[in-house]
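Following are the structures in question.
In the two assemblies presented below, subunit A is common to both, partnered first by subunit B and then by subunit C.
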Partner chain A sequence: MWGIYLEQLLQSLPFFLKGLWMTVAVSGLSLLLGTAVGFLWGIVRASRRRILKALIGAWVDVIRGTPFLVQIFILFFILPEFGVHLEAFPAAVIALSNLAACFICEIVSSGIESVPHGQREAAVSSGLNGYQQLRHVILPQALRVILPPLVGQYVLLIKDSSVVSAIGVMDVTRAGWLTVQRIPQGILVFGLVGLLYFAICYPLIQISGALEKRLGRSSRR
Partner chain B sequence: MIEFRDVHKWFGDLHVLKGIRLRVAAGEVLVVCGPSGSGKSTLIRTINRLEPIQKGELIVDGMKVHDPRTPMTKLRAEIGFVFQQFNLYPHMTALENVTLAPIKVRRMPRREAEALGKEVLAKVGLADKLHQYPAQLSGGQQQRVAIARGLCMRPKIMLFDEPTSALDPEMINEVLEVMRALAREGMTMIVVTHEMGFAREVAHRVAFMDYGELIEIAPPEEFFARPQSERTRLFLSKILTH
Partner chain C sequence: MLETFNFRVILEYLPLYGTCLLATLWLSAAGLAGSLAVGCAACAMRISRFRALHWPAAVYIESIRSTPLLAQLYFLYFGLPSLGVPVSETTVGILALTLNSGAYMAEIIRGGIQSVAPGQIEAAVSSGLSYLQRMRSIVLPQAVGITLPPMLGQAIVLVKDSALLSLISLMELTRAGQILTSERFMPAEGFLTSAAMYLSIYYVLKALTVWSRKRLIHLHTG
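Up next is the complex of A and B:
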């Protein structure tokens, strides 16, 4: 009996791969956008701009304190009532980018704050301007602290991207939902879905671990 | 070159500088001593506005440092600052540490900056350490790189905030030696230190600070032989017996 299902599943493999491609597209795009915005927010959050800092802090708290599923529902189902219509794909990318930015913002700002204060004082004293201090002195040192948790966060976000299937994005999770209605072997179907996510995430987990080990070594120097 | 006119500074409720009046001429070497917490570090940190002042006037190289509208980046490029904890950039080699500001702030071509960096590092006795990272250098070597980093900007003023306090005793002299040479070349220097031998030998004047006030300031012969204030005498008797 399993043999038949396995064969059917194999036939729908192209369908799954299309879903996988969508998962990669949504999360890849969101991670790119989220990283850019998250670094910007994180830099502001570690600066002395009080009002901007507070605004970003409040937004990050709201996003971190509500379920992603609810955020994406609000964006997709409730905004149209106010006249803002979004297709499923852009809605998914916006919601996931925002979530990524919020988590990355926290990683970046604590990374910047981990750089000893004397480093900024030395940079200030030598006449470097704010941008130059950040670019040449603060960020290169902060990055060593930021990278391992950043890559770890990417793994979480790729997995969170499965939530976008709820608004009809044809990602690999949704491919599983649709397939399981034809092939009533949940364990096979979702086993495959899980395997596909694992295939993307596992290398990232390895990279994050390697980065962490390297950081530990260099800080002991 | 540097003039404090009734300068006050508070950290919250704490009054750390209480009406400082002081003039330092071009080419002068001033040593500032005093117990910890007396405000001597704060005093030199106000000169490049690492610490802003709240009252009074502070004129450095003709610029009004007390005025928040005065842009500091340009003035800071003219003032070398050496920290107790060195504060070298750990992700850069010695040569990269000393050439960063000349390249970025002075817009000096990289080759020229590197030639200058090599020359200045050689001057502080580190010609063979150009490509070492700070973590590979001893404390004394790190502090000499830090001095070289200041000198590569061809500054008009060098400020030293307890430059030898974090060093093992056997490394203190190599740093003082570099500073002596600098003083002989006519650099305007303010040095916060407890190295009284250094003060006696190279300072034009020695100042004593306590509780945020400049208690006494005099040429070293006078300062050490005939201190005017009781507090200065007490302080000197404590540190000179060690």
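Up next is the complex of A and C:
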């Protein structure tokens, strides 16, 4: 019996690969945007601008304190009430980028704070301006602390992207959900879905672990 | 926006939100209890020297960590009935939360055990303590303090993850928002109320995390 279903499933493999491409597109785009915004927020958060810091901190708390599913529903169902009609794809990218930015902001700011204070003082007394301090002294050292958890965070975000299937984005999870209506073998169908996610996430987890070992060791000198 | 925001509807649906808040708390607590048990077992197996114990635990932990909870939830929700195992949505929901969080718990516990200084274990060995005695009186008491903050962090994740159970039509906070959206066409009122309730749970758990971190620092310095 499983043989027939397996054959049907293999026939719909292109459909799943299309879904995989959508997952990669949504999470890739969001990770790029989220990393850029997250670094910006993180740098501000580690700075001395009190009001901006507090604002970003409050926003990060709101996003970290609510489920991603609820955030997506709010963006997708409430914005139309203000006359802003978003398609599922841009809504998904905006929501996931924002989530990414909030988590990355925390990683970046604690990375910057891990750089010893004397480094900044030395940079100041060498006559570097604010941007030069950051670019040539602080960030290169902070990156060591930032990189391993950043890659780990990417894995979490790629997995979170499965939630956008709830507003109809045709990603791998959605492909599985549609296929299981036709091929009633949940184990097979979602086994395949899991395998496709595994293929992306497992290597990244290994990279994160390797980075942690390498960078962690060299900074402990 | 605020002039059209209908507080009366929220008041009218408040009993529903109350029930759903309790459901979210209950589902997450059940998931937390389950994942602690699964996590302990999986961690004990993973650090074991016996390959027959080590490998299943490693495969379980890695495959959970590399796939999304939603896919795992659907795997169980559509998979168990196709195997001829009749289960209710509630059981599937708690099972998915337990298995998912269990893998992360196992890693948290492993981190805690490995953070105990090797000198401590050497000292215990040379004092003639057996493996179980070492675990019980040297390693675990220290590991528990270290693992408390990340475990509370995992509890925060669990509460948020329980929102996904609304997708298999379990009654919880996110579902309450969906109901308000479909019955009254008021998504703003519905989902913002859900969000506010999640946020209040988050702030309580966050305060607990901060407290447990401070306590940990006291333990190490005092």
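Brief remarks follow.
Note that in this section the second predicted complex is superposed on the first by the 221 of 221 C-alpha atoms of A that agree within 3 Å, B and C clash if a C-alpha of one lies under 4 Å from a C-alpha of the other, contacts with A are read in each partner's own complex, and residues count from 1 in each chain.
Here, a residue touches a chain if its C-beta (ideal position, glycine included) is under 8 Å from a C-beta of that chain, and two chains touch if they have at least 3 such contacts.
A quick note: this is a predicted structure, and the numbers were derived from the prediction, not measured.
In the superposed model, A:118 makes contact with subunit B only, not with subunit C. Contact with neither subunit B nor subunit C is seen for A:15 once the two complexes are overlaid on the shared chain.
Applying the stated contact rule after C-alpha superposition, one finds that A:159 touches subunit C and leaves subunit B untouched. Counting the residues of subunit A that each partner touches, subunit B and subunit C differ, and the larger count belongs to C.
Of the two partner chains, subunit C is the only one that A:69 touches; subunit B does not reach it.
Of the two partner chains placed around the shared chain by superposition, subunit C is the only one that A:193 touches, whereas subunit B remains out of contact.
By the touch criterion defined above, A:82 lies against subunit C but remains apart from subunit B after alignment on the C-alpha atoms of chain A. No residue of subunit A lies in contact with both subunit B in one complex and subunit C in the other. Against subunit A, the residues of subunit B that register as touching in their complex are 48, 50, 73-74, 76-81, 83, 85, 87-91, 100-101, 104-105, 135, 149-150, 153. Put simply, subunit A touches subunit B in their complex at residues 116, 118-119, 121-129, 132, 136-137, 140-141, 221.
Those residues of subunit A that touch subunit C in the complex are listed here as 61-62, 64-71, 73-74, 77-78, 81-82, 155, 159-163, 165-166, 172-173, 176-177, 180, 184-187, 189-191, 193-194, 197-198, 201-202, 205.
Considering their complex, residues 1, 4, 62-63, 65-72, 74-83, 156, 160-164, 166-167, 174, 177-178, 181, 187-188, 191-192, 194-195, 198-199, 201-203, 206 of subunit C touch subunit A.
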